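Here's the structure, in C-alpha cells; my notes come after.
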Amino acid sequence: MTSFTSRPFRSLIASSLSNGVIWLGISFACLPFAWMILSSIRDPAEIFDVSRMFLPRSLAIKENYGRVLAETPVLSFMLNGIIVCTLILAAQVATALPCAYAIAKLRFHGKRPLLALAVLALLVPFQAIALPIFLGLAWIQALDTYFALVAPFLVSPLAILLFSQFLRAFPDEVIEAARLDRCSHTTILLRIILPASMPVIAAFSVFSVTYHWNDLYWPLIAISSADLAPPTLGILFFRDADGGDSYGSLMAAATLITLPLALVFLIAQRRFVEGITMGAIK
Amino acid sequence: MTTLAVGERPSLRDSVAFDAVICISPAILLLVAMTLLPLAAVVVLSFTDYQLGGTDIHFIGIENFMRVGESDDAGRAILNTLRFTALVVPASVAIGLVLALLVSARGRLRRAYELLLFLPLTATMTVMAIVWSLLLHGQIGPINVALKAMGLAPVEFLSNVELVLPSLALIAVWQQSSFCFVVFLAGLSAIPTEVYEAAALDRVGSGWERFRRITWPLLAPTTVVVLLLTTIKAFQVFDLVAVLTQGGPQGATDVLLYETYLQAFSYFRIGYGSALIMLFIAFVGIVSTLQMWFARRRQP
Amino acid sequence: MPGLSITLQDVTKSFGSEAVLKDINLSIKEGELVSLLGPSGCGKSTLLRIIAGLERAEAGSIRLGEQVVDALPAGARDLAMVFQSYALYPHMCVADNIALSLEMTELSALQRLPLLGRVLPGSRAIRQAISNRVRQAADLTEIAHLLRRRPAHLSGGQRQRVALARAMAREPGIFLMDEPLSNLDAKLRISMRSEIVDLNKRIGATFLFVTHDQSDALAMSDRIALMMGGRIRQIGTPQEIYDSPSHLDVASFIGQPVINLFPVNVDSAGRVRLVNGTQPFGGCSLPNGSAKVGVRPEAFDIVASEPLGTRFALTARLDRVERMGAEVLIRCRTMALGASATCRLSVDQFDEVSATGILSGAFHLVAQKRGVHLFDEEGNAAAFHPLLRTEMEVAK
Amino acid sequence: ETTLEVLHAWPGDHGNYQPLADAFMKAHPDVRVEFRVSPPDYNEANLVVTRNAMTGNLPDVYFSGFSVLRPLVTTLKARGQAVPLTPFIGAESKEWLEQNYSPAILSLGQVDGVQYGIPFNASTPIVYYNADLVTKAGADPDHFPSDWEGVIALARKINALGGDVRGMNYSVGSLESDWLWQAAILERGGAILTKDEKAVGYDNILGLETLRFLRHIAEATDMDVATAQNSYKELFFAGKLGFYITSPSSVRSFMQTIGDRFAMRTAPYPLIDRVSGRLPSGGNAAVILAKDPEKQKLAWEFVKFVTGPGAQAQIAEATGYMPTNKKASDLLGPFYSSNPNYATAATQTGIAGSWYAYPGSTGVEIWRAQRDVIDLVQRGKLSPEDGLKRIATKTADLLK
Amino acid sequence: MPGLSITLQDVTKSFGSEAVLKDINLSIKEGELVSLLGPSGCGKSTLLRIIAGLERAEAGSIRLGEQVVDALPAGARDLAMVFQSYALYPHMCVADNIALSLEMTELSALQRLPLLGRVLPGSRAIRQAISNRVRQAADLTEIAHLLRRRPAHLSGGQRQRVALARAMAREPGIFLMDEPLSNLDAKLRISMRSEIVDLNKRIGATFLFVTHDQSDALAMSDRIALMMGGRIRQIGTPQEIYDSPSHLDVASFIGQPVINLFPVNVDSAGRVRLVNGTQPFGGCSLPNGSAKVGVRPEAFDIVASEPLGTRFALTARLDRVERMGAEVLIRCRTMALGASATCRLSVDQFDEVSATGILSGAFHLVAQKRGVHLFDEEGNAAAFHPLLRTEMEVAK
C-alpha cells in the first residue's frame, strides 16, 4: 500500500519543514537578544570586534553587571516596576473583564457605541493626550505618586477587545446555568468568567506588563522623584550625552530588566494551552 | 387573569441592562476620564494657536487644518506611515500566525519555543534600537558581514533612502510578529479539541485543508482583532523612528506620529500638533473601520 | 419548600421568521410531575428556557405560583434546570459544580469571600452542611467517586449525572429537566427515575421533565404533555394519553412500536369499513367519507381462521420476526391493503402461535376491542363503537 | 533643613553630579540637595521644565543645554518665571567674576545679553583618531594634521589600506543637532543669522564654500553618507574608521569602549580660520528657577559651587569636558600632562564660541530642514549652490 | 465498499492511575452490526476513540481488516464516527458539516482550491454529486429543511441527527457510533434504527454502535458486546445475551425491568432451595453452598394457589402496580424472603389476573421454567435443571 510507505516519509518531511520554519523564526526573534546578552557579559572593548561578533573572548560579567548594580538603584527601580505593573494589570483586568462580559454576553443598548469608544481609545496615541492628563493630575495634585503612574492605564481598550472577542466563544448555556444557580453577575464574573478567560488574561498580562515595565514616556512626565522611577530608567544611566554609550553595562542593564519579563511569560504560559469548553457542554 | 400589556415588559430588559451598566461603567468612566476628556482638550487645542508653555491662546478656527493640508511634510508623513503599515501588518500577522500554528502543534519543546518567540515583545526599544542598528550596520553588522562573506555587496540598511523604511519595518515586524504570535496562541487554545478530532476522522487531519476549513475560520475573530491592533500599532510607529533615524534620511522615515511629536513638543506648536493628531485619529479610524467592515462582511 | 404551580398563557416565541412556540397554554399544579414529550425540534427546550427566564417570550405570560414572573430574571425564579447539553462549569470540579448554587443561597456575600469567608463565624458549619448535601446528591447519582474531577475528565453519562446532581442538590420549587437521562444506561436510568420520583414526593417540588423516552414518561409522570410543532397537543395521565389519544399524531407518537394505521371509509350510516372491505366493523358519528383506524401492535391477536362477527380483522402474511428479549415483534403485510402491520407478542404467546405453524402461511390479525382508535380526516380522534348500532340495539 | 531640587538631563551623567552635591551638602549641613528624575536629553529636559512651569513646580536649579537655553528663557520670561542672575552676580565682588570665568564662557549662559546661567559643562568638537590606523597608513600619530586638507589626505591614505577600513566619516546631516554645521560656519568666521534674525548670515560665498567643502570631504574620502551618527561611531569602535569628530566629553567612555584593541588619541579640531574662526560650545549652564528668594540665594550658592574650580576640575577629569572655570585649568595641569587625550579640550578654550540659539523654539525645526539639504549635498545629489539657496529660503521661512 | 473487520487484541488504556480499558479482546466480522452495551463510565467511548485512532492504547493492538493500524493516524483509517457529544463544526452550516469529508475524498487537492477549484474540469460534476449525497443523508435523518443552519441554531436532537448524517454520508468500511440516537424521540429513533440497519445491509460496512438503550441493541444488532468495568463481559446475539447471560452482572444489566434475584442454597446433592425454603426446585452441579437464582419479570405467572411439584414459586403481596401503556409492572414483596420482586404482564394478562381479585391478598409467583437462571457465589452462570435429578430419572 502506498500510504504505508509514503506516509512516514511525508510526515518526516513535514515535521522537519515545520521545525525548520520554527527555528528560522526563533533565530530571527532571538538574534538581537543573543547579541544583547553576549554584549552584557563581555568586555565592551570586544563588542565591536567584527571578527568575533558571536564569540566572546574575555568575559566581563562582574564589571558590567557590577556597574549596573553599583551605580543605579536598579533593584528599587524594579520594585517600582513590579508595584506599578501589578496595580495596572489588576485594575485593567478588573475593569475590562466585566465590560467584555457585558459586551459578549449581555443584551443591552449601546453595545456598538461602547465598542466604538474602545476602538477610539485604542486609536488615540498616548503621546497625544499625555499633556492634558498631566495637567489634570497636577490640578488634583496627584503628580509624583504611584497613582499618577497608574492612573492613565486603569482601563485598557486592548483588554476590552481581546477579552470580549474571546468570551464570545464561551458557551452561553454555562452562564445561563450559573444564573439559574442564583449567581450574581459578580459571582459569574469571579467564579466562571475569570477562570475561563485565563488563557486570554494570561496573554494580555504579558502585553500589559511588558508595555508598562518598559514604558519610559509616561513616568518621565508623571514623576520627578527618583524613588518612583521605573526599571527602564536604569538603562538610560548608561547612555551618555555625547554618544559614547557604556555598551557593556547598558546591555547588562537591559538584560537584567528583561529577565523578570521572561519570568512573567513563564508564569502566564501555563495558561495558554487550556481550552475553553473543556467538557462543559455537549 | 389578564394578559400583561407589552408596556410592562421592559423591566426584564431593564434589569439585564442595569447589570450591564454596572459591568461597563467602571471601564466607561475611566475611558471618559482618561481618554475622552483629554482628547476633547486636544480637539479644542487644535483650533487654537497655543504654544507649549505659552501664556496666551487664540482661537484661529480651522487654520491649523488648512496648514496641514498645505504642508508637504504632513503629506509625506502620511505616505510614509501608509507604506510602513502596508509593510508591517501583513508580514507580522502572517509570521505570527504561521509560528503560532506550527508551535502549537509541537509536543515537548513547545513551551521552550513559545518563550523564545515571545522574547521580542519584552524588548525595550531604547536598547533594541541600538542592537538593531548594529545588527543592520552597513559595514560591520552580522548581516552584511555574512553578505560580504558570500561575495555580495553590503547593504546600507539604515542610510539608504530607499531601504531605510523597509529596514525599520523589519524591526517592527520583529516585535509585532511576536505580539501576533502570542494572541494567536491564545486564540488557538479556544478551539475545542473535539472539532479537530471530528476533522481528523473526516480526513482533514492536518496541513492546509485543516487550516483552511477548521482553524482559519474558527480563528477569524482573533484574526480580526489582531489585524486591527497591529494596524493601529503600525500607524502609531514612533519609538523606532525617534531612536534610529529621526525621520531621516531626507524625511524617508518621517511618519505621522513623529511629525506630530516634532510639531507639538520640539517646535512647541501644540495647536498645530493637535490638528495633526485629529487628522491622524480620523485617518486611522477610517482605515480600521474599513478593515473591520471587510472582515465582518467576509464572515456571515 | 412546597412546589410552585406553573401557568403558561398564550406563550409565543419565534426565532427569526420561524415560529417555534405557538400560543402555548399549560398549567401544572404544584407538586405535580409532568413530562413534556414531543418530536425532536418541536420546541420543548425552548419552552423550558422560557419558563426558566433564559429566553424571552414574544407574547403571553408566565406565572410561577401566584407570581407573574415575566419581568423576573432567571436567578430570582425559584427553579433549577438540567440543561440538555449539561452546561457544566468547566473550571470547577464536580463537587464545586454541585455546590455553587448552594453556596449562593446558604452563604452570605461576606461568607462567600475567597479566604476571609472561610473564617467568618457560622461559615464553617454552613460549608459543612453544603458539603454534606453535595455528597448526598452525588451519592444519589452515583458520582461520589468523581467529586474531585473536572467535567473534561468525565464520560458522557457521568457529565449528565453531574448536571442532574447539580439540580437535585438544590431544593427549589420547580425543577425543569431537559432530557436528564438520555445518556444513562438502563439500570442507572431506572434508579435515577425513582430518585427523581422520590425527590418529587419528598420535597413536593413541581417537575417539568422533557424526555424522548416514553417509558420514562409513562413510568414517572403524573401527567404527560404532548407537544408537536410548537403546540401542546394533549395533556393527561399516561394512561389517558395512551388509551385515548386525541389525535392521530398523538396516537402514532406514543406507543412503541408505533400504532398500526389503516384507511377506512365511513358510510352515511356511520358504519366503518376498511377502504376495500365489505364488512363494517363498528360504528361512529362521523359523516360519510374517509377516515383512519389505528390499532396498537399489542392489540392484535393472531388467529388461524377468519373470525366471525364485526371485529376488526385483517388477513396477513409474515414479513419478519424481531425478537426483543421478553417480547417478539411480528412484522407482516396485510393482503388486501398491501399495508404493513406490526404485532407485539410476549415470548410465550409467540411460542404458542408459532407452534401452531400458522405463521408460515396466511393468518388473521384480529384486533381486541379496546385497542382500536378512529380518527377523522383531519386526524382528530372520533368516538368509535366496536359494535354497529344495530348490534348495540340488539344487545340492548 | 532646606531642600534644593536639582534637575539635569542625561541620567548617565548623574555620577558626575552626585559627588558635587555630596560635597556641597557637607559644606552646608542644613541643605539637602535632591535630584529629580533625569530626562534622557536636553530637549526632553526642556520639555520637562516647560511642563513644570505650567504647573508651577519648577526645580530650584536646572542644568540647561546651551541650545535650549534661549527658548526656555523666552517661555519663562513670558510667564514671569525667569530668574536673571544679574542681582546675584552683582552681590559678588567684581574680581570674583573675572578670576573665575572668561567672558567667552559667560556669554554661553546669556540670553539677549542677560546672564541666566553659569556654564557648567562646555565642549567644542575635537578629533578622535585611531592611532594604529594612522601609523599603518604611514603617518605619524604624534603629529595629527592640523588642517582639513591634511586630515583629508590622511583619510585617503587610510582608505587605501583596503579591507573595510575607512578614513573618516563626516556626515554633518546625520547629527541630531546642528553642532557640526554651526562649527563649519563659525570656523570660517561666519554668522549663523543676520543681525535682525530674519535670514541666514551665510547666504554668501562663505556659506557656499562651506557646502562645497562638505561635498569635497565626502567625495575626496569616498564617504558613505550616513543617516545616524551611531553607524560610523560604531565603525570607529570597531577599529574600522580612522577618525571621528565629536565632543571631548566622551573621552573617558570612548577609552573604555575601545580598551586595548587599538590606541585612541585625540587632536584639536582642524580650524580653518585661525583668526576669527570659532567653534560652537556644547554643554549646559546651571540656571536658577527657584521662586522663593531664600531658596534662590541657596541655589546661587550651589551654582557657584558646582561651577567653582574644584568642582570643574573634578568634572574635567571624569569626562573630558573643558572646565568652565579659569582656576580649574590651573588645577588640572598635572592631570593633563599625564593624560594628553583629556588635554585637547582645554587647548580649545580660546576659540570657544557660543552655539547659536535661534529665536523662539524654531531651532530644531530649522535644523531638520537644513540637515536634509546638507545630506543631499554630501551625497552629491544637489549642488552646493542650490543647496545654499534651499537652506537660505527654508530657514528664512521658518524664521517668519 | 466492503466492510472491514475489527480485531482488538489486549487493548489497555488508563487515564492517570485509573485503568479504563483492561485487556480488551474483541473481534467483529466484516459487515457485522455490533452494539456495545455497558453501564455509564465503563469505557465504551474510550474504546471507540481508540479504534478511531483519536486516543492511543497503552498496550495491545488493533487490526482493521488485514491491516494493523496502531501507527495509522485517524484520517488514514477508513472509518466514520458519530461522537457522543456530536463535535459538529460550529462555523459551518449543516450542509457543509456533512459535505466536508466527501469533499476531502471525492475532490482532488487541486479541485478543492478555494476559487480555482470550482472551475476545474470535472469539479462541477463531483460537487453536484456531493451535494446530492448530502441531501440524501439529510433526507434520511429528516434535516433537509435545516441544511443552511449553523449548529448553534439547532435543537439537541437536530444536532444529533446532523452528526449522524455526517457519518452516514460517507460510506466508509467502518462506522463507529457513540449513542447516536440518545436525543431522538421514539418515532424518529425507530426510523433511524432502520436507516442504520439498511445502511449496514446496503453498503456492507461494519458497525460498532454504543447505546444505552437495550431495545436499540436488541432490535438492531447482529451481536451485542457487553462491557463492564473496562472489560468485555459477554458477546453474543441479542437472544443469547438475554437468554443465557454468562454472569449475574450481565443478567441484571440486560432486561427491563431488571431481573429478580433471590438467594438460594445448594446442598451436597446439588439440590437448589430458597435460603429459607424446604422444597428444592431444581438441580445443579454446583458444590454445596450458597448461590443466587434470577427470574425475569416476564417469566412469572401469578396464580392463586401454591403450585405443586418442584417449580420455583414464591408467596407475595402486592406493593404497587405500574401501568406502562401496553404493559403493567407488578411490584410485590415476597413474604418469606422479604425481598421485592417485579412481574411484568401485558395489559390483558393483568386484567385477567386482577379480575380474579387475588392481587388484594397473598398470591403466588410461579416461574416459567426457561426464565430461571442460576449463578454461583462469584456470579458466574451455572447450569440449572428445573427438574431435580430424581425427577429427571423418574421422567426417563
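Note that the chains take the letters A, B, C, D and E in the order they are written out, and that residue 1 is the start of every chain.
One rule holds in what follows: contacts are C-beta pairs under 8 Å (C-beta built on N, C-alpha and C of every residue); 3 or more make two chains touch, one makes a residue touch a chain.
Just so it is clear, the model here is predicted, and its values are computed rather than measured.
**Student:** Counting one step per pair of touching chains, how far is subunit D from subunit C at the shortest?
**Tutor:** Minimal hop count between subunit C and subunit D: 2.
**Student:** So if I look at the partners of subunit B and the partners of subunit D, which chains show up in both lists?
**Tutor:** Neighbours common to subunit B and subunit D are A.
**Student:** Can you name the chain that lies farthest from subunit C, using the mean of each chain's Cα atoms as its centre?
**Tutor:** Computed centres place D farthest from subunit C.
**Student:** Comparing centres built from CA atoms, which chain ends up most distant from subunit E?
**Tutor:** Checked the centroid distances; the maximum from subunit E is D.
**Student:** Using the touch rule from the top, point out the two chains with the most contacting C-beta pairs.
**Tutor:** A-B
**Student:** Would you identify the chain whose C-alpha centroid lies closest to the centroid of all protein C-alpha atoms displayed?
**Tutor:** A
**Student:** Centroid from C-alpha atoms only, then distance subunit A to subunit E, rounded to Å. What do you get?
**Tutor:** 54
**Student:** Hey, how far is the Cα centre of subunit A from the one of subunit B, in Å?
**Tutor:** Distance between chain centres, rounded to whole Å: 15 Å.
**Student:** At least two partner chains per residue is the criterion; list those residues in subunit D.
**Tutor:** Touching at least two other chains: 51, 54, 164, 230, 234, 238, 240.
**Student:** Which positions in subunit C touch two or more other chains at once?
**Tutor:** Only 73, 84-85, 153-154, 156 qualify.
**Student:** Which residues does subunit A have that touch at least 2 chains other than itself?
**Tutor:** Residue numbers touching two or more other chains: 48, 50, 131, 216, 236, 239, 245, 247, 276-277, 281-282.
**Student:** Where on subunit E is subunit B touching in the complex?
**Tutor:** For this pair, the touching residues of subunit E are 49, 52-54, 73-76, 79-81, 83, 85, 87-92, 100-101, 104-105, 112, 114, 166, 170.
**Student:** Show me the residue ranges of subunit A that touch subunit C in the complex, using the header's touch definition.
**Tutor:** Contacts found on subunit A: 171, 173-174, 176-184, 187, 191-192, 195-196, 276-282.
**Student:** Applying the document's contact rule, which stretches of subunit D touch subunit A when the two form their complex?
**Tutor:** These residues of subunit D touch subunit A: 5, 7, 9-15, 34-41, 44, 48, 51-52, 54-55, 57, 59, 123, 164, 229-230, 233-234, 237-240, 246-247, 249-250, 252-254, 256-261, 282.
**Student:** In their complex, what parts of subunit D are in touch with subunit B?
**Tutor:** That would be residues 43, 47, 50-51, 53-54, 71, 75-76, 78-79, 164, 166, 173-174, 176, 224-228, 230-231, 234-235, 238, 240, 361-362, 364-365, 368, 371-372, 375-376 of subunit D.
**Student:** Considering only the defined contacts, which subunit C positions touch subunit E in the complex?
**Tutor:** 15, 37-41, 44-46, 84-85, 153-158, 160-161, 178-179, 182-190, 212-215, 218-219, 238-239, 242, 252-258, 296-298, 322-327, 344, 346-348, 368
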